[in-house]
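What follows are several structures.
Two complexes come next, and they have one chain in common, chain A, joined by chain B in the first and chain C in the second.
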Partner chain A sequence: MEDVKADRVIDARGSYCPGPLMELIKAIKEEDVGKVIEVWSSDESSAKDIPEWVKKAGHELIGVFEADGYWRIVVKKTK
Partner chain B sequence: MKRIVILGGGVAGTLTANYLVPKIRGEIRDGNVEVTLITDRPYQVYEPGFLYLIFNRLGEAELKRDIRELLDPAVNIVIDRATKIEAENNRVVTENGVYDYDYLVIATGARVVPEEIPGLKEGGHWFYNFEGAVRLREALAKFTGGKVVVSVMGVPHKCPVAPMEVSFILHDFLKRRNLRDKSEILYTYPINKIFTMDPVVEMIQPMFDERGIQYKTFFNPLEVDAKNKKIITLEGEEESYDLLIAIPPHRGAKVVEDSGLGDKGGWVPTDRYTLKVEGYENMYALGDATNLPVSKAGSVAHFQAEVVAENLAAEIEGIEPTAMFNGKAFCFIETGWEEATYIWFDYYTPPQPVMPSKFVHFVKMAYNKAYWLTARGLL
Partner chain C sequence: MGKLAIVLASGELEKIQAASIIASVASTLGTEVIVFATMDGLMAFKKDVVENKAWKTAGELGKGMIESGAPLFIDTFRQAKEVGNLKMYACGMIMDMLKLKIDDFVDIFDDVVGVSAFLGMVEDAQVLFI
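And now, the complex of A and B:
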C-alpha cells in the first residue's frame, strides 16, 4: 500500500491547519475520478483531520504513512 | 539616490510609508532617498466597517478617506494600477509608467473571487467589498424572515473571525426587528470545527448553541444553484437558503500572479520573521498579500508595517536590519449588537478570549472612528 503511485503529490509541509486539508479539497475538485492524491503534511493534526474529511466526503483513504518528520496521506477520488 | 517603492495603499502600504518617512526624513530632504507609494484607488477603504455598514450602523462616507489626506506629505503618491513587477530589473510597470526601485514593498492585499464558486454571484451576497456590502445592506433591510446561511467558502480569507461576528450581530438584528422567531441562521465552515483555533471554538460554540445559531462543519461549497436557492457541497450535501451571506474564496493580487511572484493562491512567499520576500534581498511583503500562517487582518498589517519600516530605515542608514515580526495579531470579536470580546496571539502564544462585554464593544466602536489616526501613523 505504501508504494501506491500517486497521480498528484501535494507538498503542504510547513503549512499549518487547515492548509493541508484545504489543498487536498482543491485537488479533489480539480482531478478526475479514480486519481490518487497524496498530501504531505508536517502538521500532525492533518493525519487525523484529513482521513475524517475523506470519510465524510466519501472518497477512499489508501493510507496514512509516517515519513521523516512528516505524514503522507494517500487518497483516491472515488466519485 | 535610493528609491523605495511601496505598492498598495491599504493599511499595510500606508502605515509602512507613514512609519518609514519620519525615520529617514533628513535623507529625503537632502535628496538621498525617495519614497513613492503606488496605488490604484485615490482613496483608502476601512474594510472592518463593512460589518456595520450592512446593518446600517456606519455609512459609506465614514469608510473612505482620500489617500493624500492619510499619507505623510514627503511621500510621492502615484494613483495608477501596477501591471507587472519585474523583479529581475528592479522595476514596477504600471498602466501609465515605469518605476525603478532599490527597495520594493509589496502591500497589494487580497481580493475576493466569488466567480470561483459557480452561481455565487447570481445567488449569493457577501460583505467583503464595497459593492457587495451595499447590496447586502439592501437585502437585509428587505428580509422578512426565512433561512439565512452564513457560509465560509474558502480559507484563508480576510478577518478570520468576521463570519462568526456577522452571525452574532445578525441574530440580534433579527431579534430587534421581531424576525428571529421566523428565521433560522446556519453557519458553515470548511474544516471539522467552527473555527481554526480551539480556544476560540470553546468559547464561541456554546454561545452559538445558546442563541440557536446552527452550524455545519466539513462544508465545502462546490456551487450555488441560484434558481433553486441551494448550496451544493463537495461532501455531497445540499443546503437550501433564503438569504446567502457567503465569505467568497480569496486570492492574492492579480499583479503578483501576473509577475510570477505568488504561490498557487497568489500569495507572496515571505519570511515569517524578516518579512523579506523569499529569494529577494531588496523586497519586503506584508499585510494580506503574504503567504504567512497569520490572520489576514488589519492589525497584523499594522504590526508588520512597524517591522518593515524599521528594517528599511536601517538599510538606508547602512545598518543591519534586525527587527523581526513575531506573528502578533489582535482581533475584536463582536458577539452581538452591543457586546464583544477580543483575542490576541502570536507565533508563540495561543489566543485566550475573555468574557464578552459591552465595554469591549464600545472600545471597538470607538476604534472604528479612530482608525484614521492609526492610518496616519499617530495611534
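And now, the complex of A and C:
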C-alpha cells in the first residue's frame, strides 16, 4: 500500500490547515475518476483532517503514511 | 449538506480566520455557504487594511498569525470560492454610511446586499454569527 503509485503528487508542506486540504480538493476536481492523488503535508492536523474530508466526500482513502517530518495522504477519486 | 450562513460582524483576525476555515471546508462538502460581511467584519476586507495587514487582533495569536506570513482568510475564502459552493456578500448599509464603494474592498464579494436580501437568502440555512 505504502508504495502505491500516485498519478499526481501535491507537495503542500509548509502550508497550514486548510491549505493542504484545499490543494487536494482542487486536484480531485481536475483529475478523472479512478486517479490516485497523493498530498504531502507537514501539518499534523491536516493528516488527521484530510481523511475525514475524504470519507465525507465519498472518495477512497488508500492510506496515511508518515514520512520524514511529513505525512503522505493517498486518495483515490471514486466519483 | 444543507445551507450554512455566516454573519461576519467582528473584525478580529482570529475570528474571521476561524470562520474562513469552517466556511471553506463546509463549502467543499456540498454545503451551500453564504458569508455576509458587515460592521467591523466588512472593514477587514478594505484594500488598505488588507495591504497593510492592519487587522484588529484579539491578542498574541492574531499577531503571530500576521507575523508568520501564512495565508490568511482572504486566501482561504478565495480558494473556497474556486473549489466549493461559497458566496460572499458585503453589507450595503455600512458602505452607504461611510461613503465607501465596492472598489474600496478587495475583489472577493459576489454582490452588495442589504439585510432583507440577506434574510431572504438564509431562510432555510443554519446561521452562525461571528
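Operating definition for what follows: the second predicted complex is superposed on the first by the 79 of 79 C-alpha atoms of A that agree within 3 Å, B and C clash if a C-alpha of one lies under 4 Å from a C-alpha of the other, contacts with A are read in each partner's own complex, and residues count from 1 in each chain.
The criterion applied here is as follows: a residue touches a chain if its C-beta (ideal position, glycine included) is under 8 Å from a C-beta of that chain, and two chains touch if they have at least 3 such contacts.
Just so you know, these numbers come straight off a predicted model, no measurement behind them.
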| item | value |
| --- | --- |
| Touching partner for A:K56 - first (chain B), second (chain C), both, neither | both |
| First (chain B), second (chain C), both or neither touched by A:V4 | neither |
| First, second, both or neither for A:L21, with chain B first and chain C second | both |
| Which of chain B and chain C A:A67 touches, first, second, both or neither | neither |
| First, second, both or neither for A:K29, with chain B first and chain C second | both |
| Which partner, chain B or chain C, touches more chain A residues | B |
| Footprint overlap on chain A, where chain B in one structure and chain C in the other make contact | 15-19, 21-22, 25, 29, 53, 56-57 |
| List of chain A residues in touch with chain B within their complex | 15-19, 21-22, 25, 28-29, 49, 52-53, 56-58, 79 |
| Parts of chain A lying in touch with chain C, wherever the complex brings them together | 15-19, 21-22, 25-26, 29, 53, 56-57 |
| Residues of chain B touching chain A in the complex | 154-155, 190-192, 196, 218, 220, 222, 234-236, 293 |
| Chain A contact footprint on chain C (complex, rising order) | 21, 24-25, 28-29, 70-71, 76, 79-80, 82-84 |
